[in-house]
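Same chain, two partners: chain A is paired with chain B first, then with chain C.
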Partner chain A sequence: MENYFILPFTLGMITLFVILFIKYGLWIARLSHIDKLRIIQCIFTRRTWDAIVESVMEGLLHRSIFKRNPLLGYMHMSLAFGWFLLIVVGHIEGFLCYGTFANAPWIPIFFQYFVHYQFPGERIMTNLMDFLLLFILSGVLLAYFKRLNSKIFGIKKTTKLKPFDKMAMIALWFIFPLRLFAESATAALYGNGGFLTNSVANLFILIHVTPTMESILWWAYSISLGLFFVGMPFSRYMHILTEVLFIFLRHYGIKLKKQFNSYSRIQVYSCSRCGVCIDVCQMHVANISNNQSVYILKNIRDQNLTDRKLYNCLLCGRCEQVCPVKINLNDLRISQRIRATKEYNSDYAFLQSLPNETPTTGKQPEVIYFAGCMTHMTPGIKKSIVKVLDKANVNYIFMDKEKGACCGRPLMLAGQYEAAKKLIDFNRKKILESGAPVLLVSCPICYKVFRDDYELGQITIKHHSEYFLELVEQGRISLKKSNSSIVYHDPCELGRGCNVYEQPRELLKKTGTLLSAKQEKVMSLCCSGSLGDLSLSMPDRNVIKAETLKVLLQKNPDVLATACPLCKKTFVKGVNIQVKDIAEIVANAME
Partner chain B sequence: MRNFGFTTTKSRTIDYEKIDTRLISYILQNEPSFNACLSCGSCTAICSAGNLTSFNIRKLSLQIRLGDIENTKLEIDKCMLCGKCLLECPRGINTRNVIMLIKKGLNIIDKNEI
Partner chain C sequence: MIDVLIIGGGIAGIETACSLQDLGYETVIVEKERTIGGHLNNWDTLFPTHRPASEVLEYYTEETRKRALTIYLNTYVTSIIKLDDGTFEVNTSRDVIFHSKTVVIASGYSLFNAERKEEYGYKIYDNVLTSADLEKKLKTLNGEFKTPTDKVPEKIAFIHCVGSRDEKSGNHYCSKLCCVTAVKQAIHMKQICPQADIFCCYMDLRMYGPGFEEMYREAQEKYHIQFIRGRLSEVGENADGTLQLKVEDTLAARPSKIKVDMLVLMVGMESPQSTALFKETCGLQCAPNRFIQPNDHHIGSNKTNIDGLFTAGTSIGPMSIFDTINHAKASAITIKNYLSRN
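This part shows the complex of A and B:
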C-alpha cells in the first residue's frame, strides 16, 4: 500500500517512452528512401561502433564542451554521466541483492527505500552510490549558479526558457537534492546510508524524522522524476536523446539536404543550448545579440523565425566550427532561407538568348579560368592572375572575360535555390564543353559553389592560391622573397568553407615574412563584407570590420594579405596599410 | 468631340495621389537605408545583370517610387544578387536586401496581402 509513491515515476517513464517511440519513429520514417537504405547498409559495420564511442564521449562525457569551457563541460558531464552511472550502478546493486538483473524498473531508482538489510558488497555499493550522488549534486549546484550568473561560465547571455523547459528544469533541479533527502531520511530510520546520506541522516535524527516524513520525501522525489519525464520530450532536454540519434545518422553518412527535411529537424532538436555558439559570434560587436544560431534553432522549433533574424547572419561559420554537437548550422540556416523564398525564384530566361559558344584556344586547354563578379570588381586581382598564367605559359580559357553570369553562390546564400540552379546549369555547360581538366577560380565564394553544387565530374576545381603553389612547385614560376612582413586573413568561404588554410600561407612564406594573427585559420574572423548577410547595415558592418582589423594588425605588418576579392574590397576602405590579394603578391614577386 | 486630325499626348504629369505606394512602402519599412538613394547610378554601371541585358537597377528604383509595379515584375528577375552594387553604392544602401524585398513585396502584392 505504502508503495504507491512509485506511481508518478512509473507513469512518467511510460509516457516518456511512448512519446519518444512515436517521435523518433516518425522522424526515421520520414527520412528519404536513400537515407534509409544507407542506414540498413551501415548498421553492421564499424560505423556503428564509432557512433557508440562518440555518443559516450559527447552525449555522456561532453568532451567538446569540456575542451572549450571546462566548468560548463563539468556541469554537463556531472549531470549526464553521473546520472547514467547512477542508473547502471543501481542495477548492479539490484543484481547483488536479488541475484538477477530482471528487477522492476523502480527497484534501482528507489533502492534505499526497499532494501534495508545486508547483501553482498552492500557497504561498497552504498558508498559508491553516495559518491555518484555527490558528483551529480555538484553539477546541479553549478546549474543553479549558471542561471543566477552566467558570466562565471564565460557566456554572455544564457538562453530564455519556455514553460515546458521551466517545468523540466525545475524538476531536474529538485530530483537529486530530493533523492539525497529521501535516502537520508531512510538512513536515519534504518541506518542503511553511505558516507553522504549518513551525514545528512545525523541531522535528520536531531529533528526526529518520522516514517511519514520519509514517505513524503520519497513521494516528492518520485513526483519530480515523473514531472521531468513528462516535460522532457517537450523541452530542451530532448536534445540528450536526439543528439545520440543524430550521431548515429551522421556516422552512417547521412548529409543535410538543401530542403529542410526530417534529418534537418533531428539536427535542430539536437542542440543542447550549451551557448558555445553565442560567444564566438562577431555580431555582438555591433550589439546584435538575438540572431545567433542557438536562437535561430529555437525559433525553428517554435516556428516563429522572423526574416530579419534569419537574414542577419554573416554565415561566417564560426559557430558551426565550435558547435560541440557538430550541427550543420550554416546549411540549416540556408535551408530556412530556401523555404522562406521558394515562392519567388527567377528563371533567368535571358540566359537562353545569350551567345552561347564556349571560347576556345585552338589547342587542348590546361585550365579554364572563371573570374566571377567579385574579381571583375577588383581589376588588380584579375590582371595579376592573367599575368601569372601568361608567365607560366599556361594554356587557358578565360571563361567570363567579357560577359559572364554569376556563379550562383550569392543566390544560394540568400536561399534562392531554384534561381541559383539556373545559373549553375548555364555555367556548368560551358565549363564541361571547354574540355579543360582544371577549373581555376579567384574568388572563394565561387569556389564554394563550384565544389558543393556544380557536379563537375572529373574536373578538379582549384583556387588560385592552390594552383599558383603548384606552379611554383613545378618550377613554372619562381618567386623572390622580399623583407616585408605579411599577415594573412583567411576568407570564411575558403577556410572554414573549403578547408584551404595552408597553400596561401606556403605561398606567402616564399614572398615575405609571414606573421601569425591571434585568431586565425579555423577561428579566423569575418571581414564583415559577407554576402551571407542580407540585413546588416553598412555602419554595423564597419564596426565589425574595425574589430577584425584590430586583431589582424596587432603586430603592425607591412601588408595585409587575403585570398578573396570581397575581403580585399572590404578591408581597403578601412586601413592605411597595403591590402593585397595573394594573386597580386605572387604576380609582384615573380622573377 | 470634333476630330481635327491630330491627337494630344497622354499627360506626363505625375499624380502623387494616385501612385501605388504599396511596394515602396513595404521596402522602406524593412530597409530604411533605401531612402538614401541619390540615383547616382554607380550600381547600374557595375551591374552584372546590366552587362548581360538591358537591366537598369537605378531606373527600376525610380519606377518603384512611381509605383510601376508591372514593369518591376518583369525586370527584377534579371538581377543575380551578386552584390557588386552593394560594394559600389556611395550611400551604403543594402541593395541586396532591397532586391530581395522587391521580390518578396511583389509576391505579397500578388497574393493581395498588402
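This part shows the complex of A and C:
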C-alpha cells in the first residue's frame, strides 16, 4: 500500500511515548512520599495554572534565553513554538476537513498528502501552515549557522555532541526542509499548496516531479521524524518534555535534596544545553573550559563525571542566575560531591572538649553573635562588630568568642554532608538554648548554611549589614558621611546565596559616595577566593581575581568595600587601595 | 657621560661604587632616602655574630667619605631608557637627567606588609610587631625591654614565614634570611629578658649559612628557646592586651594554644615597586617572584636581559649582607669587563 510511509513516524512516536511513560513513571514513582503528597495536594490549585503559564513562556517561547541573547532565543522559539503551533493548527485543519478532532495522529502530520480536495477555510489554513513552516525553517537555518560558527550568537563555545545527539540533531535538521519539499511535490502534482509550497512547487514542475518522487520525499520526511522520536529520549532533546515536567514539579514546591534522587535526575534531563551558562563562567579567564554546568549535567547523564571537573568550580552561582530552565546548578553539583566523596572519618571528638553551656548575659539577650572561622581570621572585622554592638548598647552573646565549632558550610561545599551535620547539630543546640531571637553573623558563608540547613525555627538570621542598617534606622547608632568614594563587591554567598543586595548599599550610602560597578548584584563576579573550589590553583585564582578587580576598580574608587571576610582577604593582596569590610566602614563612621 | 650610574645607596650600591671607583671608573649613586645605608640604618645587630649593624654602616660611611663618592640623596629614578648608541638615559624625580654608559640596579628589597596577613593582627593588636619593628625597638632601647603595652614580657613568640612561602599572601618563594634572623632575635630577647619563655613557630628551618646551624643549636641548648613546627593560624587579643595564638604543633599532631605578651612576625622580602617601574620603562625581565631575572643563574648573576644594565644585591632576590657585598664586588668586575670591551 502506498500509505506505508506513515510507519516510521508512527513507530517512532509509539517508541517515544512508551519510553517516556516508563521513564517519567519511574521518576515520579521514586519521589519521596511527602513529595508525592505535595503533588496530589497542589494539582487543583493555582500552582498548576502558574506552571502552565511558565511552560508556555519558557518551554515554548523561551523568554529567558530571549532576554539574554535575542538571536539564540529566536532560534529556540521558532523551533519549539513553531512546531507546537504546526501541530495545533494541523489538528484544526483536520477538524475543519473531517469535522472531528479524533483523527489518526498521522493525519495532521501528513495532511497535505491525504487531502487534495477543498474544505472550509482551506486557503487560509494552508497559507497559515506555510507561514508556520517558514517560521520554523528560519530557526533551522540559524541552527545550521550556530553549528558552523557559534560566535555569530555571541557564544564562546557550544556543547559537544555524542552519537544519539547527532542522530537526533541531524534528523531534526532534515524534518522541516523535507516537509517543505514533500508538501511542495504534492502541491506540484495536485495544486493544493500555500504561498511557500506553491513557490517551491513551481520549481518542481520545471523538473517534472513524479508521484514516485513525491512518495520518496514523504517517506524521507516520515523517517526523519521517526528517527528524531527514537533518538529523543537518549539525546539532549529529552529536555523538551522533561523541562515541562520539571516546571510543574517546581511549582508544586518540590525541593532538591542533599542526596541525588529522581528529582535531581529530572533537573539534569531538563537541561537544553543552550550554553548560556558557559558564557557567564569566570573560569574562562583562567582558560578552564570543561567544567561549566552544562558539561557537568551532561557528564552526570553519561555517567562519566570526573572528580577533577566536579570539584573545580567556585560555586559562585552566576550560571544558576542565567539558567533559562532555573536548574539548581549549585545544589546539584554539591549533591554530586556528596555522592562522590568518601566520608571524612572523624568523630569530631573535639566538640566534646568545647564548653557545653551557652554563654549568658544575665538578662534576655537581643542577639547571639556567631563570628565563625573567617571572621576570627580577620580580627579587624571582629573588632569592628564588637565596637558597633557595644556602641549601640546591644545585649548580645558572643557565641564563639573563645572556642567554637565551624558552621559546617565548608564541609557542605566539599560534599562532606555527614561530617557537616555533626557540627550543625552542635551549633544548633547552642543557638536554640541561648534564647536570643536574632542570630547575627558576620560571614556570608556561615549565613548560607544557617539559613539553608540549620532549621532554627523562630530565630531570624541576620548578616551584620542587615542588622547594622536596622540599628541605624532605630537611631541606636548614627553614621557620619565622608567624601570618600566606595565601590561595593557583592559576595557570592550573601548576594546570590542569600539575596542580600540592598542593605549593604544603603549603609554605604550613609558613609560615603557609592559607585556602581559594571557587573553587580545578581551578576557580580566572584573574588576567586571561594571555598567551593577544591582544585583551582593559586595562579589561576589570581588571574580570575585580577579580572574581577578590573571591573570593580574601573571608576577609581577610594575604598573597595565588601561584606565577606574571605572576599576581603582575597582582594587585599591584589590592590593598592583600601579594602574594607562593611563592618569596619560602619565602625569608623560612627559618631 | 658618566661610566656607571648606581640606583640605590644601600650596602650593595656603595660597595659597587667603591669597587668601581678603585678600578678607575666614574660613578654616581642615586638614593631615594636622605641617608645612605638602606635597611641597615634600621637594624640593631647582625647574624650570626650579633655584631652591631652600625659597625658595618660606619665602615661604609668611612669608605664613601674617603673616596668622595658622588651621591644624589632624596632622589628617585622615574625611568631608565636605553638609547640607540647603547648608553642609558636615566630620569629622576629631581629634574636631573643622567647619561651613563652602564646602570646598576642596587635598589634592594621592600619588607612584606604584615597587614596583608590580617589573621596575625598586625596594626590591630598593640603587641604584634614585625621583625623590623623589633630591630628598631632594640636599637633605641633604653633600660628595660617592655612590650608596646608597657609590660616586661614573660612569653614571646616568633612567627616564621610571614609573607614567604605562602601563596595566599601572594609570595610563593622563601625569603631565606628570616629563619636565622628569628633565631638571632630570639637569642637576643632571651639575653635581655632571661625570665621570658620564647617560642618560634616554623615550617622548616633553613640554616644555610656558616655559623647558622650552630646558632640554632645554641638557641635550643643554651637559651632553651622552644621551636614548634607548625604555622600560626590566628591570633586573638585578651582584655589585658595579651595575645592568644592558635597553632598546630605538627610534630605532636595536635592543635595548641599559646598565650603570649608579644608576637614578632618574621616578615619576608619582596621586590620593591621600583623594579616594576624599571620593567615597564626599559623592558627589564623579571622572575615569577617579581625580583629581577639574572641573565644566567650561574655565570652571569649580575647581568640582566639588557646589555649594559647590571644588578647588585637583593634586587635579584633575598640575600644576606655578606652575600650582598660579594655580589656587589662581582658586579664591579662584570662592569669593568663590559666597559673595557666596549
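Criterion: the second predicted complex is superposed on the first by the 586 of 591 C-alpha atoms of A that agree within 3 Å, B and C clash if a C-alpha of one lies under 4 Å from a C-alpha of the other, contacts with A are read in each partner's own complex, and residues count from 1 in each chain.
As a working rule, a contact is a pair of C-beta atoms (placed from the backbone, for glycine too) under 8 Å apart; a residue touches a chain by one contact, two chains touch by 3 or more.
Note that this is a predicted model, so its numbers are computed, not measured.
Novice: Tell me which partner A:379 touches in the superposition: chain B (first), chain C (second), both or neither.
Specialist: second
Novice: In this superposed model, does chain C or chain B come into contact with more residues of chain A?
Specialist: So, of the two partners, B touches more residues of chain A.
Novice: Under the stated touch criterion, which partner chain does A:242 make contact with: chain B (first), chain C (second), both, or neither?
Specialist: It touches nothing on chain B or chain C.
Novice: Scan A:264 for contacts with chain B and chain C and give back first, second, both or neither.
Specialist: Neither partner.
Novice: State whether A:343 touches chain B only (first), chain C only (second), both chains, or neither.
Specialist: After superposition on chain A, A:343 lies in contact with chain B alone.
Novice: Does the superposition put A:535 against chain B (first), chain C (second), both, or neither?
Specialist: The answer is first: A:535 touches chain B but not chain C.
Novice: With the two complexes superposed on chain A, say which partner A:311 touches: chain B (first), chain C (second), both, or neither.
Specialist: A:311 sits against chain B, while chain C stays out of touch.
Novice: Looking at the overlay, does A:572 come into contact with chain B only (first), chain C only (second), both, or neither?
Specialist: Second partner only, chain C.
Novice: Overlap of the chain B and chain C footprints on chain A, residue-wise?
Specialist: Touching chain B in the first complex and chain C in the second, residues 376-377, 538, 569 of chain A appear in both lists.
Novice: Which residues of chain A touch chain C in the complex?
Specialist: That would be residues 376-380, 383, 538, 542, 568-569, 572-574 of chain A.
Novice: Along chain A, where are the residues that touch chain B in the complex?
Specialist: Interface residues on chain A, with respect to chain B: 307-308, 311, 341, 343-344, 346-351, 354, 373-374, 376-377, 403-406, 408, 410-411, 414, 416, 419, 423, 529, 531, 534-539, 566, 569-570.
Novice: Using the touch rule from the top, collect the residues of chain B that touch chain A in their complex.
Specialist: 30-31, 33, 46, 48, 51-53, 76-84, 86-88, 92-94, 96-97, 100, 103-104, 106-107
Novice: Under the definition above, what is the set of chain C residues touching chain A in their complex?
Specialist: 116, 118-119, 121, 124-125, 167-170, 172, 233-237
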